[in-house]
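Below is the structure I would like to discuss, written out as structure tokens.
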């Protein structure tokens, strides 16, 4: 592909990420007549939570919003990964270099909404690299993208409310769920559940999920310490801190909460704190005309993502008054989110389940023992290659932040592995896109 | 305030040059303390390509690099696996007949110095490196060149220094070098010998050193084993590396032990701005693709920058700095720091001991840069 | 609701039929294929995160290496190789 093949796209607003927050933001802005381009690296919109198996029905809220998105005139580009995002001092535009298969495009827009969602926090333990060990959200993603769990003996061991819908969905697919283990203490979980008394719908939903896997025990204060098998997973060891037991299984769904995807926010120079993009009441980051909504601005779930997506969108198009009407919803949902983070935070014992020969960086096969706790993330990278693989530290870096209390290293381009041809496709210095017609967002 | 025995030598900077000097001095029986402001091998050393290369830009450079490459070869059996010594050799690529003539000139200079090399034609070149584009005129193959992983090498050298009694202090910034002493905050360390091996930062400690930071970009790809087998450098590189203008790129590609491809190189003078300049990055990648079209389809995992410590006459500063008692400079190696670290250490050890070095060190004498105005300070 | 149409992909020379809308990763896992790639030290690896983050599901798809199978939809005629092109 020669540089002249690279597509140049102009938009009023670029929305990155087509989960609930991105869909809400894109639809809201596009409905005002502005030109919106929405990109997502998955084959379909919906992000993680609104993924649905081909042929099955997505939740009502998803159907409504996706229909709204489709009517809004948003240009949706799936299977499209943003590999670079930067501001051009001269033009005042943001440029996103995107890759789709082996093709590349550059999208220019004066405004960006980051709805980049979250990923799971994986913590290493003996045997976690065996085939058959997947995430909790990972199980949901694989199920919804067509994987059959029928007949599989599944253990779910992790943290947070996500365990419940995933357990129910797997049972519905025919899995034999042996155990659902929540690492948080029973008292903390009970307190959190009681704190939801104002939201009976949420509690009812939780009860429905629990009913969906009634055949399997749900235990609190338990976590996995090891996985074993010859070439794939065959059994796991579960502990409650005092006693251990071994459960035969062929699938282990294990992850400890969610962390915001802020690589693009970092790349743009947005302020980050507590692992999330810092935003003001308008969902605007520290970089003018860059908004962050949904999990990227702090883990908070679907409803909060929808509210934030709308607030950010309305403020981006100058309708701050309408946005203010959503503030109290945001506040109450954010309060629940904060309680959730605290309740389900990974426990201390999880720092000690990996042994020195447990691999922590899966891309480069670096073991825990090869890394010294007194190093920095950068030192670990240079000394061992941990974090230097294709996942760019998204798995091991997140784990090491928890295990050793480290801070993430600074991000540089590319934000995701990118073909040389993709990087070369951006000739913005020499070729500028045509000015879009009738776009109020441009001067 | 310190209760430790007074060091015989203090080396400032634990990059590869400082590490090599510390090792050499420790092996002379000196009690060596290394002081590093961040962590071992984390500065320019970490950014480097790790190419061990004989370069003939000048007779002095040829002598120093040839000596150094030989020292690395001698050291090879002792090096740990983490240093990833790979004797892949260098291919200096000639695009056309006139570059091939330049390659022949180079070959003559190398042969005169006893460096094994040969001129190869286009079909042999294509056999050795199938991913190079067609239509090239040929190349100069230098078999004895090699590649190492710089940060691991610096650590290995310092571990060896420690085994000979050296102490390494990290996260420890030297504020001032004075007569036979360095000051770290309120702490003063004294030694008869001080070596300023602080890379591009050496000017802060020894004002008057004509060293400027020459920024370079690098990119590394995902694993593509066998994609290239030698360090590949365009002969035009020589034009780029040794002109002190702003912004130049050259084709310079290296196979890593992991199967990843390391892509360089660029040169700019932009003070200390370490941010990625996308225009320069693109120019560099463009140049690489011109020589190896299939690179186009390889994913880039990371990019980074580093600052080469550059001097106006393209030669490092190795030797006494007359205006401060006990001070030796070992800095200003531009893009040859990894290679010439061992040669530099050898010269420093000889100069400190008052021995005649194996090569003429006059050309590297720091005194050459002293002008009357500097001396009067 | 009628069952979705099937698509046929070829994995290491073997044909797999999966419902349309299935990703390549899901297709392989459902067929009991556990070996997606070999790690640096030779361990067998299969998908972990299911959402394009971990890069464990990298395969060569239609001749292009390093593609995340969990992000690629299976379509008729797609060819998949679990030995990444040229990897050690």
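Letters A, B and C mark the chains as written, and numbering starts fresh at 1 in each.
As a convention for this text, a contact is a pair of C-beta atoms (placed from the backbone, for glycine too) under 8 Å apart; a residue touches a chain by one contact, two chains touch by 3 or more.
Everything quoted here is computed from the prediction, not taken from an experiment.
Interface comparison, A-B against B-C: more C-beta pairs in contact at A-B. Put simply, the chain nearest the middle, going by average C-alpha positions, is A.
Remark: chain A and chain C have CA centroids separated by 22 Å (rounded to whole angstrom). One inter-chain figure worth recording: chain A and chain B are separated by 41 Å, centre to centre, where each centre is the mean of the chain's CA atoms. Between chain B and chain C, the centres computed from C-alpha atoms are 43 Å apart. Looking at chain C, one finds that residues 40, 64, 66 touch two or more other chains. Annotation for chain B: residues touching 2 or more other chains are 222, 258, 297, 299. For chain A, residues touching at least two other chains, in rising order: 102, 389-390, 417. Partner chain B is touched in their complex by these residues of chain A: 1, 84, 86, 102, 375-376, 378-379, 382-383, 385, 388-390, 392, 412-414, 417-421, 423-424, 426-427, 429.
Remark: chain B residues 222-227, 258-259, 297, 299 touch chain C in the complex.
Across the interface of their complex, chain A is touched by residues 39, 41-42, 46, 151-152, 155, 220-222, 258, 276, 278-279, 281-282, 285-286, 288-289, 295-304 of chain B. Partner chain A is touched in their complex by these residues of chain C: 1, 3-4, 18-23, 25-27, 29-30, 34-35, 39-41, 43-56, 58, 64, 66, 70-74.
Of all residues in chain A, those touching chain C in their complex are 41-43, 48, 53-55, 79, 81, 101-102, 119-120, 122, 129, 131-135, 137-142, 145-148, 231-232, 359, 362-365, 389-391, 394-395, 417.
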